[in-house]
Amino acid sequence: MLVRVVNPNTTESMTALIEATARAVTGPGVTLEAVTPAMGPASIESHYDEALAVPGLLAAVAEGERDFVDGYVVACFGDPGLDAARELARGPVVGIAEAAMHAAMLVGRGFSVVTTLDRTRGRAWDLAARYAPAGACRGVYACDIPVLALESDPTVIERVVALARLALEKDGSDVIVLGCAGMADLCAAATAELGVPVIDGVAAATLLVQALITLGVGTSKRGEYAEPPAKSYTGLLTPFHRPA
Amino acid sequence: MLVRVVNPNTTESMTALIEATARAVTGPGVTLEAVTPAMGPASIESHYDEALAVPGLLAAVAEGERDFVDGYVVACFGDPGLDAARELARGPVVGIAEAAMHAAMLVGRGFSVVTTLDRTRGRAWDLAARYAPAGACRGVYACDIPVLALESDPTVIERVVALARLALEKDGSDVIVLGCAGMADLCAAATAELGVPVIDGVAAATLLVQALITLGVGTSKRGEYAEPPAKSYTGLLTPFHRPA
Amino acid sequence: MLVRVVNPNTTESMTALIEATARAVTGPGVTLEAVTPAMGPASIESHYDEALAVPGLLAAVAEGERDFVDGYVVACFGDPGLDAARELARGPVVGIAEAAMHAAMLVGRGFSVVTTLDRTRGRAWDLAARYAPAGACRGVYACDIPVLALESDPTVIERVVALARLALEKDGSDVIVLGCAGMADLCAAATAELGVPVIDGVAAATLLVQALITLGVGTSKRGEYAEPPAKSYTGLLTPFHRPA
Amino acid sequence: MLVRVVNPNTTESMTALIEATARAVTGPGVTLEAVTPAMGPASIESHYDEALAVPGLLAAVAEGERDFVDGYVVACFGDPGLDAARELARGPVVGIAEAAMHAAMLVGRGFSVVTTLDRTRGRAWDLAARYAPAGACRGVYACDIPVLALESDPTVIERVVALARLALEKDGSDVIVLGCAGMADLCAAATAELGVPVIDGVAAATLLVQALITLGVGTSKRGEYAEPPAKSYTGLLTPFHRPA
Amino acid sequence: MLVRVVNPNTTESMTALIEATARAVTGPGVTLEAVTPAMGPASIESHYDEALAVPGLLAAVAEGERDFVDGYVVACFGDPGLDAARELARGPVVGIAEAAMHAAMLVGRGFSVVTTLDRTRGRAWDLAARYAPAGACRGVYACDIPVLALESDPTVIERVVALARLALEKDGSDVIVLGCAGMADLCAAATAELGVPVIDGVAAATLLVQALITLGVGTSKRGEYAEPPAKSYTGLLTPFHRPA
Amino acid sequence: MLVRVVNPNTTESMTALIEATARAVTGPGVTLEAVTPAMGPASIESHYDEALAVPGLLAAVAEGERDFVDGYVVACFGDPGLDAARELARGPVVGIAEAAMHAAMLVGRGFSVVTTLDRTRGRAWDLAARYAPAGACRGVYACDIPVLALESDPTVIERVVALARLALEKDGSDVIVLGCAGMADLCAAATAELGVPVIDGVAAATLLVQALITLGVGTSKRGEYAEPPAKSYTGLLTPFHRPA
């Protein structure tokens, strides 16, 4: 079983963290590879960043299809390009926000998300509305630490835990979802501090993709997620476009 | 890792089918046991049946806790007693309707359910409203074959496939969810016939429970799913009650 | 007209309070009886308690049908077993949360619930989602007094009124719903203190059941609430099962 | 106990039908009066008709307050002027669509409405969205008989029953709501034909108002339904305006 | 192009303010007229006021149709009589709450409303539910200044701005909607103070009506908004009724 | 006033159609320019196409900001890149699906969409859920004519009108929304055939952008739509990235 985890941003150290996190939950017989796209922003903190990250992500999935990859993880909490990636892939494609929210719903009554920048909170709410019934996501909190500072800022764990405590109290939540792939390494410490399930989407998505592959189901090719129609292309992105 | 799959009805042959289905997707290092409760109805086809099946199911979960079970599957598509079982369990507890609907949402845009008796359709809709955003579940169809006839009726597969075809067409769905644990053995044949993902909840729930255990998260014990308060009991069920 | 009010827990003093409350609003020509089930927990404060209370409640309804009872009240704010009871009953069956919420919607724009233990708040929200459009229930508050302490704790009325005041202010509500059958005797005092409609579900449900009987409508026997199919049973609950 | 049923249109024969229907369910000790407003349209079949019926309805409620009426029924299925009437009244005010929908939700899982003109279907859906959770109202069907023809057209009962049958089948409903005060006299015959609960809002609202009065709750005077602020008036409606 | 703005209350100075506001955004080739109805309340601050304002508003629209008016604005934030006015009008009819909310959704992710009296907040929420998806309107705040005091009270701008600041912070909104036609002249100053889009519905509705007329679309006359059926009338309002 | 209409695909003849359509509703004093991006697919018929069209669209908006453009139309019915474009733009940015749905809600009670390929129906529903309350969009129908065939296929108008008729009947809609920029030239003929408002989003969006500019409101720069944070970029898209 070959699972590829795509880090939609171009920061290699983040791909390394994602890979380590995913490998820690990979079962025997599974080959797990984490990849960094050849183009895009160093981190994703706006709709603009997300939009410009997607072509690189899709190129990675198109390559994965040529390599007979069995399933993919999209390892950015905004789940960028998920619908488009599903059109390209035969196997399952799971986003980390999606995976984390699904896992959270299985172990509690309501979750709160702790994420990075305040401006990304709207996207988290949009995704919650897409994946979960009303009321499952009870709050989204921003620690206001930029994505690339998560690695180096020594106060991250304290601030994330403090926000999570506030969220549990204010929202009456019983599960915390970490709202960034770059927070994957905080999960164990936060769990120990908080005494409630804390979900990291990278590990959750890796496990869900493996589960779906074991189940023998890929992305449905009936209707909306069928292979995209062939199309002529203009300009810079043309060489990255799948052959018509 | 010890996973226990509870068949909430008391029909042993159905427990055997459930066990075989779950074992087929069990990873290495996982001990999987399927159990039949000591009391309850032979099949679950009404709210009444469900209500009378739950005490036996809960006794099985209470026993599981004494045996240090790591996680549970509730193997009836009505997901009976799920909230109560979560109060008893330290590890995760996943219902098969819940698991099937979550899995369906990961591989398509909208699913339809094919279930047994017409009178259980309302319960399936209730569960869809609990687990999924509006619009994810697009239809629930009944083949009107009683649960215990699924095993012996040779027309089952044809009728289920025919209904699924109708559902895909009418609802514009791209995934089919099988609405009964007793349909687990139809999954492969239905997939082959239909050419879309067909989800059996027994396999899906078994995989999700394993994933949650690997992730290291159990049922949240903060708030609603905390251990139930000790209570004095009257009458027949007293010996089955957890010690106060 | 014969109305039976079932207290789903086994505490006789609570049945007595419920009976007195229901009798106070019973019309002429109505025989009202309150009953205590032969098995179950002394109070209902968890999903687990609720699940184990339901078989006793259903036995009481099955007995009621043999006695030609015209309608039932389920007198616990979690409305346990309501769907199953409706399958058994020819006449109407009304839960006290259901009745209180319906009544509240008829006299105001939004209500808040004041209930007992914090862990039961989720159930109250679930019921509000089932009975009322989004926005009708604006808050659920817990006074954190156990059900069986309501009778003896002299601070109950103060604490309930204080929480209700907070709720009216914070939620902008205009009606208060009392979230426990054991609070029925607080209704008059709370109304006097608060100056807004305060709804006790026991009285409300008793009146609604009488109204439905007068209207000549019972539980619909078309579809989901038809009599449950006959079934063979195993174990302890068998003698309580309706004859097939 | 003094209950006043206001027929918001000005057709006396319809007031007589409404009065007879309401009287049939009136308890001992209740004085029931049906009134026809002094101004307005002969029947209500558009938003325009509804808007011009409301001043007459409100004048009737204002007069009722001077007469110490304990509660009101608004006997048109569009529930015209309900919010405004509640601002004027101390006691409860219940609309017949509201009452019928509430009653329907207590005895089944989903109802369908059979009403008069096709153009009024939107209003019925609006009211269902206001009173009921999504999914409770499953369909609204128009028999396309004008309100004032209901009395004389001998085919009415057949057409209403035929539409109701279609609705039960197509919507999977288990309760029928009659969508016009002028259909009150069809209720018994339709019930006999259809074998499911058929709800007439006039009787239902009369019973609900009595229930609320017995419960001792009137319209909440906190916030939105407080007495309207005094105001100076211009033109024709001035003499009908409550004294400031 | 002839656009008529109807002030549904009878205060001429408010009509003058509305006219000036509308004229400021009127394109070349557009004749804009603001009218005051011949009957109704001096201001609209309750459902009762709204109900009694509607007949005058509808008379103004009926007159407009005789004058071949191309489109209408209903210039009260409760959007009174909108459905009925649409039945009368061939061209588009736009309410100012409707227009302001639509405009707000085009320039931000979530808006908050600042309105006059606390008791009108429920109406604003009702309208938001009618015009916008859940979550678009994030809060409704009342400055508790009566409509007719807006003109003379020198503290209005300060209080509105302070409330708007609170709303932006508490709701995480990015747009402010002014909740009263009488606040139209505050828009520029509030925008300057707040640094976010501040929407006045009078200007917004005037522009939207012009846009719809330019687009060549009027109110749909298929179904619910078709011309109301002819009807016989009784009492005071008869002379104002459209000829049958 | 400078308005730029961006055709997100790279087919010049479609840009020409869009420009002609937009110019037809442009007011005096408005300079309208339609632009074709320098990169991307020839038409947009999948999530994949949409994702690869967005970088070109954003480059066009970034250029527009350097040219002091006052407002933008995104002229593809999938409203691709709308959030990201709003982050870049000071003025308003309106999508044509958004504009058409807003316009439709102002002139009727419920609209149906007629679009091109069946596989794009899901996107139309997603957008309806984002822009409109539940129930406003009643159906989405596909004529199964590829975008680039719209221009040349002589049966287009017949097939669109036939589908629209079906939609009006089946959905009970009263307005039709054309679901593709390439259908703009069908609007007049379809209106004439159908006798209900038919909305073309290109014209609607052009008018709404002009209205917002006249209103003096641009995209809110508070929170989610603030200018995207500066970021380092890798690979092909780097030269198109805004200077940090």
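Chains here go by letter, A, B, C, D, E and F, matching the order in which they are written, and residues are numbered from 1 within each.
Quick note on the criterion: a contact is a pair of C-beta atoms (placed from the backbone, for glycine too) under 8 Å apart; a residue touches a chain by one contact, two chains touch by 3 or more.
The shown structure was predicted, so the numbers you read here are calculated from the model rather than taken from an experiment.
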Chain labels contacting chain C and also chain E: A, D
Required minimum of steps from chain C to chain F, each step between chains that touch: 2
Selected pair, greater C-beta contact count between A-C and A-F: A-F
Whole-Å gap between the CA centroids of chain D and chain F: 44
Intercentroid distance (Cα basis), chain B paired with chain A, Å: 27
Interface hub residues of chain D, defined as touching at least two other chains: 109, 121-122, 129, 134, 172, 223-224
Chain contact topology (line, ring, star, complete or other): other
Complete list of chain pairs which touch one another: A-B, A-C, A-E, A-F, B-C, B-D, B-F, C-D, C-E, D-E, D-F, E-F
Residues of chain A defined as touching chain C within the complex: 109, 134-135, 172
In the complex, chain C residues that touch chain A: 121-122, 125, 129, 134
Residue ranges of chain B touching chain A (in the complex, touch as defined): 25, 27-28, 92, 94, 98, 102-103, 105-109, 129-134, 168, 172, 174-175, 188, 191, 195-199, 203-204, 207-208, 210-212, 214-225
Contacting residues of chain A [partner chain F, same complex]: 10, 37-43, 45-52, 54-56, 58, 81, 83-84, 86-88, 117-119, 121-123, 146, 223-224, 226, 228-229, 231-238, 240-241
